[in-house]
Each structure stands twice: as structure tokens, then as C-alpha cells.
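What follows is a group of structures, each given as C-alpha cells.
The same subunit A turns up in both complexes below, where it pairs with subunit B and then with subunit C.
Showing the complex of A and B:
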């Protein structure tokens, strides 16, 4: 029985020279299976969007309907959370959503799930929080402290509220990264464990008893796979929603508090 | 380098099967393969590169394309709706005009009918009056004729009466009555 963790192993695919990036040090740019699946995901997104918009017509075709559906879904999300300024952040949220969604789905079809790599989810979370910070400081400048000091709260409550707000803000990138990572990791481990039971049921020396065990496990795999498709969509959606919420906090600072 | 990375998954496989505590003790960056930090640099660098390319493509090419089509569609729909509204208004006006036309024609025809009726009645009355006059004339003529005939008959009757009376008197008395006597008797009869 293969380890359920084996699927997360990084395997080299194409060796490329190690590059010295100034300020970051030596970085091995060899393509491994994680990078390959990211490249495939990006390729799938680009191909689908090209197909959806290549012959963009007022009366849409099939692929165009799908593209416009996803577009409208995230566009509504961004504008409903951030407001009319959501349009300027929409491309970022849309890219995040499409990229994460495609990586999640590809994990269910391919051998490798890039979003089950902490390096990937942490980078995506760091990018999001960095954008939030940059946008926040550019738009609000020194008023950024209002993020931690909600207006209309009495001073004695602020003693309690401000540390909580600061901690919750600092934990945002951590939760953003770990939520996606944990969901993908857990789902795929559970799938592999159930798959292992099927093999174990026949190789474990329990004879005919292996048949009901294997049947149950296979049923579990089918059910879990369906659940994983839901999770794959849901986690991409949650990432997009939280990105919008965090952006809204700094874009509309002082309007909602 | 490659040989090392190939040998490590095998080591993880063997240890993971024995238990999670053994995995935690495995050297080379923790239990989970995700915590092997020697692969982080490459993944992060490639992810940033891929994301930048993807973002640029989406923000510069795909999103504007879809946005343009959506705006175009919204514009098309709104102009079509406006056009339809204008046509509706026009149609309403035309219907109103047609209604007025029909109303006018109806009134005209009604007036025409009344006119014709009045004319016909007048003509009828005129003709009837002429016919009445003609009939009345004929009647009067007939009456005068009847009257002259009756008068003539009446004069004949007195003559006949005289003759009859003369013959009766002659038969009864054997002698002819004088004309004067007869006349007197006749006038006495007439006086009775």
C-alpha cells in the first residue's frame, strides 16, 4: 500500500539551471510536478478564456456562455462586496478564482494538486495580503490605523478591540493559506486512504470478507470524490470572497465601520 | 541532487506506513512533503511568474473582451427596447388616428343616411299630397256626376209618379184627372 502522502511528493520533471535572483538568493528553477500542474492550470485557463472570447458575439456561443457566467459570478461578487470600485480589483480576484479553481479541479483529474502545496497557497495568500496592504496605504496613508480602531467604540472597549483586530489582521494570510491547503490536503489524503482500504481488503488476508470492505470503501471514494468537487469549487470561491472582503476593508475604510 | 530527491519519497513511503510519529522524525524538513523547503523557492518563483502572466492576459485581454461584449449586449438590448417603445408609441398614435377616421366616417355616413331619409320622406310626402289631391279631385268629380245623375233621376221620378198617378186615377175613376189636380196632390204628398 502506497502512502497517502506519496501524492504530495515533489518529483522533478525538467531540470533547469539554478538562477541567482538578486535579493532572494539561488533559486532552482527546475520544473517539477507542482510547477507543471500550475503551468497546465494556467494553460487551461488561457485556452478556455481564449475559446470563450475568441468569437465574442452579442448572442453568445456555448463556451462564451460559460466564460460570461464565471465572469458575471465573480464580477457580481466583487461589486457587491467592494462596491463600485470593485471593478478595478476584479481582474485580480478573477485571476485568483480561475487559477485556484482550475488547480483544484486538475488535482481531481491529474496526479498532482498544486493547491495542496503550502508553498503555493502561502504565496497566493501573501500576494493577496500584500495587495491589501499596498492598496490600503496608498489610499488611506496614515489613516490605516483606523482598520484596528473601529469608529464609535468607547475607549475602554478599544483596549480590548484593538489587539483583537491586530491579531485577526495578522492571522489573515495564515488562515487564507492554511484553509485552502488544509482542505485540499485533507480531501486528497482521505481519498487515498479509502483507495488504500480497497487494496488492503484483498491483500490483507481476510478472504471473502474483503469483498464487502472493498465495496464500502469504493462507495466511500465515489462519495468523497463528489464532495471533493464541491470543496474544490467552494475553496476557490471562499478565497475570492475573502480577498474581496479584505480589499473592501481597506478600500472603504471608515465607511462601514 | 536528482538521486537524493528520488530516494527521499521512498523513505517517506516506508516510514509513513509504520505510523505518523515515525514520519515526524523523518529528516529533510518535517513529515509532510509540503514542508520540504528546498522546493519552495522554485514553486514560489514559478507561481509568481505564472500568476503575473495569467493576470496580465486576463486584465489586458480577456476581461476587457468580455466586458465589451457585455456592454455591447446591454446597449443592444436597451436600444432595441427603446426602438420597440418608439414603434409602440407610433403604432398607438396610428391606431388613435384610425379610430378617429372611423369615427368621422361613421358620423358622415350617419349624416348621409339621415339626409337621404329626410329627402325620401319629403318626396314621399309630396307625391302622396299630389296623389291625394288627384284622388280628391276625382272624388269630387264623381260626386258631382252622381249628384246630377240623381237629380236627373229625381226629375224623372216625379214625371213617372204623375204618369202613374194619372193612370191610377183613370183606372179608378174612369176619367182622366186634370193636370192641376195631379200637381196639387203631388205637392201635398211631397209636403207630407
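Showing the complex of A and C:
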């Protein structure tokens, strides 16, 4: 049985020369399969949204309905969580959602899942948390400490609550990165393990008993693939929701709407 | 004990933490369903909260899963 982890190995696709960028050192610009997959995802998003917004009509066509539907869905999400200021953060949330969703779906159609690379998800999580920190400090300044000191809590409880709040804040980027990574990795490993069962059932020396085993495993793959489509959407949605929630914490710090 | 065998057993034991996440996510969706069947008109508006709770709970299970992978491949 082939290793189920083989699908996540980085392989070079196009070798490009190393360039020296001042301040950063030597950067290898080679395209590997992870970068290729991300480029395809970005291209798919750009082409889809270009097609959706080209020749906009009062009675929308098919692609325009898709574009408007996704746009309205995330717009509702951002404004319902962050409030009326959600509009200013909508482009970031929308880009994250579409990019992650397309990468997840490409992993199910294509050969490589870019979101099953911890480096990719950690970068997206770091971007989100950096934006949260920048927005928080720009808008609240020194009042950022209120993030760890909830209003209306007696002082003797604050001794307990403040460390918990600080730890949970520090864990946010970690869980944000690991959730997407773990879900995509786990799902694709499970798919490959079931696919391995099909091959194993015929070569495993159980004779004719291999036919029902292989059939069951194949049915398992079909069911798991359907589940993976749900997970692929759900994880992109969860990432967008959590980005909104974390932004809401610093945008509406100290007063709930 | 063979160190390689101990490693595999340890990785398996580490992923047992996902049991808790399974129970937690099951509780969330079960309670959502029992609430949603009593008041279906309010169910749609709570979808985001439902997914949010499930995601936050699931993260702890994913931590256990990743820990298992770290033990397995280190």
C-alpha cells in the first residue's frame, strides 16, 4: 500500500534562479506543486469573479448569480458579526474565504491540496492575527488591555480570568492555522487509506472475499468524498467567521452592539 | 520495548484526545437540533453561532490529531 502521506510531498515543478533581495537574503523563486496549486486557485477566483462582474445585467446570468450569491453571503456575515463597520473589512474576509475555498476544492479535483500544508495555513492565520493587532492598536491604542479585562467582572475574578484570556488570545493564531491544516490533512489521509484498502483487498490473499471488501471500501471513498466537499466549504466558512469574530473583538472593544 | 513500536503506540494514544472533541461537537449539534425543532423560525439565524461553536470545539481535537502526527513523524 502506498503511503497516504505521499500526496502531501513538495515536488519542484519549475526551477527558477535564486535571487538576492536586500534585507531578506537569498530567496528561492522555484515553483513547486504547492505554489502551482495556489496560483491556479488565485487564477480560478480571478477568472470566476471577472466573468461574474462582466456584462452585469438586471436579470443576472448563471455566473453572475454565483458571484452575487457568494458576495452577498460573506457581506451578510461580515456585517452581522462586526456591525456596520464590517464593510471596511469585507474585502479581506471575502478574499480569504474565496482563496481558501478554491484551494480546498482544487485539492479534491486536482492533485495537490495547498491548505494541507502547515506553512500555507500558518501564513493565512498570521496575516489575520497581524491585521487584528494592527487594527486593534490603531483604533484603541493603550485601551487594548481591555481585551483581556472583561468589563463587569469583579477584581478577584479578574486574577483568574485575565490569564485565561491572554492564553486564549495567544492560542488564536495557532488554532486558526491548525484547524484548517488538520481538517484538510486528516480528510485526505482518510481518502487515501480507503483507496489503499481497495487495492489491498485484491492483493491481500483473501481471494473472492476481496470483492465485497473492495466494494465496501469504494463506497466508503464515495461517501467520504461527499463529506470532504462539505468539510472543504465548512472550513473556509469557519476561517471567515473566526476572522470576523476576532476583528469584531478589537473593532467594538468594550462596547457590544 | 522497541522504540519504533512505542512511537506508534504513543501516536495512537495522543489521538485519543479527539474523543473529547467528538463528544463536544455531538453535544453542540444535538442541542442545536433539539432547539431548532422546538423553534424552527429561530434556527436559521443561529447557523453562524452553531458553526462557530463546533469550530472552536473541534480545534482542541485537531490539536490532539496534530500532536499524534508530530509524534509519528518526528
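To be clear about the criterion, the second predicted complex is superposed on the first by the 251 of 257 C-alpha atoms of A that agree within 3 Å, B and C clash if a C-alpha of one lies under 4 Å from a C-alpha of the other, contacts with A are read in each partner's own complex, and residues count from 1 in each chain.
Keep in mind that, in the parts below, a contact is a pair of C-beta atoms (placed from the backbone, for glycine too) under 8 Å apart; a residue touches a chain by one contact, two chains touch by 3 or more.
Please read all numbers here as calculations on a predicted model, not as lab measurements.
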Partner chain(s) touched by A:161 [first = subunit B, second = subunit C, both, neither]: neither
Partner chain in contact with A:181 - subunit B first, subunit C second, else both or neither: both
Touched partner set for A:242, first subunit B, second subunit C, both or neither: second
Subunit B versus subunit C as contact partner of A:190, first or second or both or neither: neither
Which superposed partner A:144 touches (first subunit B, second subunit C, both, neither): neither
First, second, both or neither for A:63, with subunit B first and subunit C second: neither
Partner, of subunit C and subunit B, that touches more residues belonging to subunit A: B
Which of subunit B and subunit C A:117 touches, first, second, both or neither: first
Touching partner for A:52 - first (subunit B), second (subunit C), both, neither: first
Footprint overlap on subunit A, where subunit B in one structure and subunit C in the other make contact: 5, 181, 185
For the subunit A and subunit C complex, residues of the former touching the latter: 5, 77, 80-81, 175, 178-179, 181-183, 185-186, 234, 237-238, 241-242, 245
Contact footprint of subunit A on subunit B as seen in their complex: 2, 5, 8-9, 12-13, 16-17, 23, 31-36, 38-48, 50-51, 53-55, 57-59, 61-63, 65-66, 68-70, 72-73, 76
Sites on subunit A touched by subunit B in the complex: 1-6, 8-12, 15, 21, 24-32, 34-35, 38-39, 42, 45-46, 49-50, 52-53, 56-58, 60, 64, 67-68, 71-72, 90-92, 94-95, 98-99, 116-120, 123-124, 127, 181, 185
In the complex, subunit C residues that touch subunit A: 48, 51-52, 55-56, 58-59, 62-63, 65-66, 69, 73
